[in-house]
Each structure stands twice: as structure tokens, then as C-alpha cells.
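Pasting in a structure now, in C-alpha cells, and then I'll have a few things to ask.
Order as written gives the chain letters A, B, C and D; numbering starts at 1 within each chain.
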Amino acid sequence: MKKLVNDPENVVREALEGMAAAHPDLIRVHYDPNYVVRADAPVRGKVGIVSGGGSGHEPMHGGFVGRGMLDAACPGAVFTSPTPDQMLEATRAVDGGAGVLHVVKNYTGDVMNFDMAADMARADGIEVESVVINDDVAVRDSLYTAGRRGVGTTVLAEKLCGAAAEEGRSLKDVAEVCRKANGWGRSMGMALTSCTVPHVGKPTFEIGEDEMEIGIGIHGEPGRTRMELKAADEVVALLMEPILGDLPFKAGDDVLLFVNGMGGTPLIELYVVYRKAHEIATGRGLRVVRNLIGDYITSLEMAGCSITLLKMDDDLVKLWDAPVKTPALRWGV
Amino acid sequence: MAISGDDVVGWIRRSAELLAENRDYLTQLDAAIGDADHGANMDRGFRAVLQKLPTVADKDIGTVLKTVGMTLVSTVGGAGGPLYGTFFMQAGTATSGKDALEPEDWAKALEAAVNGVINRGKASPGDKTMVDALLPALEALRSALNDGAPLAEALRRSAAAAEQGMKDTIPLVARKGRASYLGERSAGHQDPGATSSHLLLRAAAEVWSGQD
Amino acid sequence: MKKLVNDPENVVREALEGMAAAHPDLIRVHYDPNYVVRADAPVRGKVGIVSGGGSGHEPMHGGFVGRGMLDAACPGAVFTSPTPDQMLEATRAVDGGAGVLHVVKNYTGDVMNFDMAADMARADGIEVESVVINDDVAVRDSLYTAGRRGVGTTVLAEKLCGAAAEEGRSLKDVAEVCRKANGWGRSMGMALTSCTVPHVGKPTFEIGEDEMEIGIGIHGEPGRTRMELKAADEVVALLMEPILGDLPFKAGDDVLLFVNGMGGTPLIELYVVYRKAHEIATGRGLRVVRNLIGDYITSLEMAGCSITLLKMDDDLVKLWDAPVKTPALRWGV
Amino acid sequence: MAISGDDVVGWIRRSAELLAENRDYLTQLDAAIGDADHGANMDRGFRAVLQKLPTVADKDIGTVLKTVGMTLVSTVGGAGGPLYGTFFMQAGTATSGKDALEPEDWAKALEAAVNGVINRGKASPGDKTMVDALLPALEALRSALNDGAPLAEALRRSAAAAEQGMKDTIPLVARKGRASYLGERSAGHQDPGATSSHLLLRAAAEVWSGQD
């Protein structure tokens, strides 16, 4: 295992300490239980937004805490959902009297832990809404399974509902923005290499020098299919087809195109991917009105990428363009 | 005759030991169809439990088990945290105020625990989850006690049923939890949660086998 | 070789096409010769700033083109200095009548190509100044060698002199800011793995599973020493010592601390590195008043990091905080 | 007797061929003490030259060589681009207007070329650069011609000296170019630029060896 870490058990803690040292103007970090919170939380009268999940997906979620996005993030152990006590304390810390939205990725653990936390917070008298993000078209959906995973759309939804909250919208309306983003977003990912969980010390999966995994999750979970490595343009087509086939919208619609790196793929390759994804989207009559390119929802050092298409309307465009000031996403301020 | 408070603490300790020993094994199982953390999660949780135990060792069995459950909820995370947390909290509620458990008390506690897991996780038998080890274990315990088997024997049959249930998860296609994302590709692998469940029941059988 | 590319010979071109498709609001891309230029270039009366170098270091330099930073960037082949014709055309394209600054990293190829371009541009009647960045303390400096490489300070210098140009300072003054940044910046890098040049197809160097390379360059050039892999805190100390030992400044001074990822190292590890680097800097009495953490000057998919310390004064802080709007660095606007 | 314009074009073509054949070899040498691009750079440049050659094939030798130099400058990049670009541009200036080269003309052209490289790169002999192949080649050519050797023989001695100079770079510690960043670690490796320089002089010896 080749990593810049000390004791693998301390990676999450030490990375949080690094964040605290780096961004005192934007965030505060609370330990035991661990959560990252906006430096000026709670913001009176504003809906608070809390997300969280396993660590190893940086900058998500801690890097998205700040004005115009999340009020707090709860980092779990690497690839492990955080616990209800973290979420409860974070919820209390960001409650400015207007209620708190939990943005939850659809993994059994995340959903159950956030459910417990929401129950406890409500028992405390805090109004809590939860929106579960489930945008991964690699997973075949069904009433009888855990359903689709929450992946790339999470980043976009957090930006959008963060802006809505900043504008002063009500809990119901902020949750509505989040649900709309989830309903209008579709993603799919792929991997060239495996990640290595620090405390495991070896790659989660073996993969041949000429193989790739299509439909991979962000935790090194195996994907839909293992196949021979292909040229970037073909890979992009393999990701775009299921996304386009599942889109709840049509030619002529405006979209945001998000090309996300899994952590180990350099930016030059993400632009090669973007080129083709843009071409395919445009070829289907979609208008790419906004985009995001870079490592935002990662899987440690895994090489690979994911693509997200999100339908946009005027309100979402306005919310996307609104100022954001977090460690990882920043503009307009 | 009965399971004492010390016996319950002994069970928890032995469980912690078995989970620590099987940490890498559980993680490997989870790597195949999940995210390679089940061993680390359970081990982290039970190490926290071991630290907490002394503070409640002189309390009633219900308090001990509820404390175990609450500690797991706040240290394990993932799917395992709420599920095993609920398991022990429900077992604790069912044994509230008791200083010793008769065989029937244990059966009721296990029943409450397993129902708690099912209510929280909404898994049915055959979904390739810990339920596939827990439910057979409960049923085997009940039927052994109905057969008039002594506790030690009933515990052994319960653990054996958990082991069988665990093995029977191998061919299953997962419908719940992270393994369900794999669809057909989840078949051919043993479920990590069913495996850790078996370890808990095996620990009970080992530690309490002196009783009958 | 596991990369998201099509024909390896076309990586640079296709990545440029991806950039052009992604950021039409910020940049335009010119092909044959290749350069990336601010969408609104030339800006009348403003000093133009041109940089460039081999590709494979993304987002540097193309990702730094835009308001408040570079006016143009010339991408060469992967790890190969661009050619004078690119630089000449870029220089012409950004000349707003106030002269053009060339920011050149100190590599023999870059220096010679930019020299030729500057001569040609001057023959065209454009006033050109060049500043050569040479901040890499891994290289022992000497009058008789090529001197130190230009690495991390380049990113910071480009931001700072970009802001100075945007403010309307003269060519002489903008160049002065750049020289000051170079004089006050020191960097050192390390690698855990090798990069693979696309058209080569195999790793540039072999490195054992328990080895690391200290003092690595950004082109996979071997570093100062190969040694056994160490804990992150020790690695950081190994990088900080030569930097601190070479600093042209002292306890009590303000600094910007830049922890840069080489491309394949995930952000969570960069924060573990930042934590210790911040601690060491602070322990030496330096005040870390600004920082930057992320992949900004990379070496394809190489895993590793570099650390840069830059002394700051009030003017540099003001220039650092000034608005910047480029694909890779954006704030205040 | 003399080197014709066609011969010069033949030399360039043969050089392009040798550089293409040795692309991976040059890149490997550059990987050891540089950045693994010298082979790709030279090959890219000479492929561009081959495309350009037909447009000037009927021009005087000076024009051909200057065109080669300018094409290399705008397609090679790195250190090799300006250095080899200058090499050919200077050789072109020295042969301006000529349709054939007497041995002494070639010696003057090579001298101008090598001086151009030295002026641009500021390398001294022993710095572990292409100069360590080029300068011995020039000296060997001069002394062979002074000895009254026929051109073919002089070219062979020139190429052999380049080869020896190339090999002699192995123990050297680099003081110029990218390899200098390695300090002592650059010793023990052959310089890629000296190697490509040898290939150019070998091509001349091969292609022009019929003349004398």
C-alpha cells in the first residue's frame, strides 16, 4: 500500500485536523463525534443542511461545507457511513430555527443511520427533512432491493439546495430543490484500477492490466460488468448510453454535464472524457448550459471517472450560479 | 441452570475476540460483494464495547445489552451499526431488569433482537443478509427448547443453524444492502453480515455451553 | 497502461478540445499552433501574461487562463516544452499594447524556446519581459549547471502577477511581482509511484512497493534519493527541511503554504500532509496566512505531493486575494 | 566528388529513418536521466521534416537545411527543438545558395552547426550533452580532411568519433539539461542527445560514403 498516511487508523482524524488548520475562515471541525461545520453556524433563520457519509470520497462532503452549500458534514470511517450521534450533534449545531435538511446517499447504512439521527433530532424538537439521493443508473432499480446508489448528483444537489437555503427558502422548498435535483440527475461510473482502503492495506479488487470495470460504485464495489479496456471515446459512450436511456427528459432540454474523477485519474484525461461526453449530449439535442469537471466525489486513489447529467431549469441555473464559498467549490465570492 | 450477568459479559467478550480474529476474513468477504469494511467496522465497534463494559458490568443484563447496542450504534456506522445496535438494544429491552436468563428468556431476547434487525433493515429471508443466519438460529433455538433439549444443546443447534444459514447465503443473489448493487454477480459469495452473525451465536454457544 | 485516452498521440489535442467545449465563457483554444487564450484577449492597456510548458501538468497552465491570472498558455506535447511559434502567436494574441510577460519554468527546453519566441516577438515590436521560475530546492544550485527547476511557485507566481496585471500595473511592475514571488518561494516534491507518458505506454521509472523517491521533478525525472516508504509525517519533514533550510526569510514572517498533489494522490492524503506541514511551519515561527491544497501542478497520474512555502507581504496578500476566474482557480467573482 | 542537393535530402531522410527506428531506445535513455520524451520528440520533428522536404527539394542546400531547422524548431519542443533547430539553421546559413558541397564546405557547415548548438545551449565539453558527440565529430572530420583523407573516410571517422563521444558520456555527471537535476545519479547513463547526434552523423557517413 503506497499512501501518504501515518497510522491507517488515524487517516480520517488527521485529514480533519488538516482541514481545520487549513480553513479556519470557512469551517470548524468537531471531534468525537466528528463533524465539520460552517464557521458561522448556526445561521439564524436559515435552513441548515447536513450531509455525510463514509470518508474516502474527498472533497465530498467536508470540502462542501461553507456559505452557499452545506452547513455541516459528518465523515464516517473510510467508506463507512457515519453514526447517528455525529449526525445528531451536527444537526443541533446547524439548527438556526428554520429546520434542517439531511442529504443522504442511498446506501443501506447511510439511510438507517440518518433515519435514527432524524428521529433523535425530532425528539429534540428540531424539524428535520431527509432527501435520499439515488441517481446511479448502473444499478437496476427495483422495489425489492436497496435501489440505486447515490453518486454524482449528490454534489450537484448539495450545491443547489445550499444556494436555496442561503436565499432564505423554507425547509419544504429547500428539500423540494434537492428532490428535484435527484429526480433530474443520472450518473454512471467506471474504474481502471481499484482503490485501497487504508486499514485494509491491499486493493479492494483485482483487475487485469487490460481490463476495466463499468458501473463501479464509489466504494470499490464491483460494477455491472468487467470488460476489456477500451478507448476513452468508447468508454464515454458506454457510460452515456445507460444515462441517456434513463433520462427523465428529452432533446432540447438544458443540462449540466459533470465529469468527475475518481481520485487517481489526471485532469488531462477528464478533459478527454468531457470532450466526448459533451459531443454525445449535444448530438442528442441536449444543451449543455453548465458543467463541472474535476475530482469531487472520489473513491480514494481509484483511477476512473463518472459522468452525471442533470436537467436544468431557470431556477436551478440561478441556484447553480449563486455564490459558494467552501474549501472545494468556490465562486462568486 | 441460568445465564448470569457475568455469562452475558463473557459472551460479549468472546464475541469481541472472535470478531477481532476474523476481522480480515470478514473484510475479505465484504470486499468481494461490498466495500471491504465489515471486519474493521465490527472490530472497531466491539473494541469500543470492551472499553464500555466495565462501567455497566454490575448492572442488570438488560442494561448491559442496551449499552452494547448503543455503543455499537455510535461506533460501527455503515449498515452493521444500526442493525447490530438494534439487535442488542432490543435484546436489552427484552431482558430489562434481569440478573439471570432462563433458556426461555434467552429465546425471547433473541427473538426481540432478530425482529429488531428485520424491522430496521426490512430484509426477508433469502435476501442474502445477516437475517439468513439470525432467523434460522432463532428457529433452531426455539425448536430445540420445544424438544426439551438442555440449554447447551439448544445453543449448539442454534449456532449450527446460523452456520448453515450463513453458508446457504453463498448461492443467493442479494436483494438488500450493498451487495444488491451487484445483482447476479453477488451469487457465489458468502454474506459478511451473516458470517458475523454466526460468530455471535457461536460465541454464545461456546461461552454458555457449561450451563444447562 | 491504464488511461482514459484514445490514440495516445492525440491526448493533448483532445484535452484541448474538451477544454474549449467546457469553458467557452473563459477561454478560447487555438490549434496549430496550440494555445489557450482568455476569451476577451487582448485586453487593451493591460500587460499580457503568457506561460506554457509541456502538457501532463494539468490544470497548469491552460487551467489558469482567465481573468486575474494568465492571458494565454502554450501547451507542449506531454512533458515537452512547447515551441516558439506557439509562444509567438500567443504573445501576439494577448498583446494589449502594454507589453507581455513570459513566465517560464527553468528547464533548458522551456528557457530556450521562450527565448527564441521573445526575440521574434520583439522583432514584431512587442515589448516582452521574461521571468524564469526556479524554486525547486531538491536540485543543488550552481553557476555551472542548468540550475533549479521551476515547480510549485509557478502556480502562485502566475496568480500573483496575473492580479498585478489586472490591476493595471506596468510590465516592469508585473515582472517585478513575478520575480519577487520566485525569490520568495521554495518547493520540494516526492513520488510514491511513477507516471506513464501516454505515447511511451509504460512507467517512466520502476519503484518498489516499499520505496519512494524524494526530490522528484514534475516530469518523472528521478529525484535526490530513493528510500524506504515512510509515514506521512516523516515524509513531510523530509520535504520541509530542505525548504526551511533554504528560505530567504525567518521566524515571524508571513507565508503561503501550498500542498500540491501530483495527480494520483487523493485529497484526503493531501490534508494529512497539510496538517503536518502547517505544524512544522508554525513550529518554526512562520505565520501561515494563506494556503492552497489540491492538484495544481501535476505529473500525470503520479502519486505523491510537493510542498511550497512562499513568503507573503501585504501586497502579495492583496494580489492573492484579488478575484480570479479561470477553469481551475476561481474566487471573488 | 561533392555532396549534391539530393545527397543532402538523402541524409535527412536516412536520419529520419534512424531516429524512427531508435525512437524507443532514445526514449528509454531519456527515461533514465530525463523525462522519457527525446525519442518521441525527435521522431515527431523528423516526420514533420519529411512532410516539408518535397516543398524545398529543388532549392539550394542552404534553403533545405534552413527549412529542416525551422521545422524542427516548431515541432520538436523541449531542449532538442531549439538545439537541433539551430544546428540545421546554422548549417543552412553556412551553405546558403550552394547546390553542392565540397568536403571543406561540409566541414564549415558542421562547424557552424556545432557552434550554433554551443552558443544556444552554453554547454561545454564534458557536460554530458549532445555537444560531447558533436564536437569530437567535427574535430575528427577536420583532422581527417587535414590528413588528406577522402570524404567517405573522413565521414566515417567523424561518425566514429561521435559514437565514441556518445559512449564517453556514460560516466559523466551531467551539468546541463534535465539530467543535471540528478547530480551524481546521472553518472552511469548514456546521454540521449549525444545518442541522437551520433545517429545524424552516422546517417551522413552511410548516405554519403559513395562520394570521395
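Following the convention adopted for this analysis, a contact is a pair of C-beta atoms (placed from the backbone, for glycine too) under 8 Å apart; a residue touches a chain by one contact, two chains touch by 3 or more.
This one's a predicted model, so the numbers in the text were calculated from it and none came from an experiment.
Here the chain-to-chain distance from chain B to chain D, counted in touching steps, is 3. Chain centres here are Cα averages; for chain A and chain D they lie 55 Å apart. Chain A and chain C have Cα centroids separated by 29 Å. The distance from the centre of chain A to the centre of chain B, with each centre set as the mean of the Cα atoms, comes to 32 Å. Chain-to-chain contact here is organised linearly: an open path runs through the chains from one end to the other.
Pairwise, the chains that make contact are A-B, A-C, C-D. Interface of chain D with chain C (complex): residues 27, 31, 33-37, 40-41, 44, 73-83, 120-121, 174-178, 180-183, 185.
The part of chain A that touches chain C in the complex is made up of residues 2-7, 11-12, 14-19, 21-22, 55-56, 58-59, 63, 192-193, 209, 212, 229, 231-233, 235, 263-275, 278-279, 288, 291, 293, 295, 298, 300-301, 303-305, 325, 327-328, 330-333. Against chain D, the residues of chain C that register as touching in their complex are 33, 54, 76-85, 107-109, 112-113, 115-116, 136, 138-140, 142, 144-146, 149, 197, 199-200, 204-205, 217, 219-222, 224.
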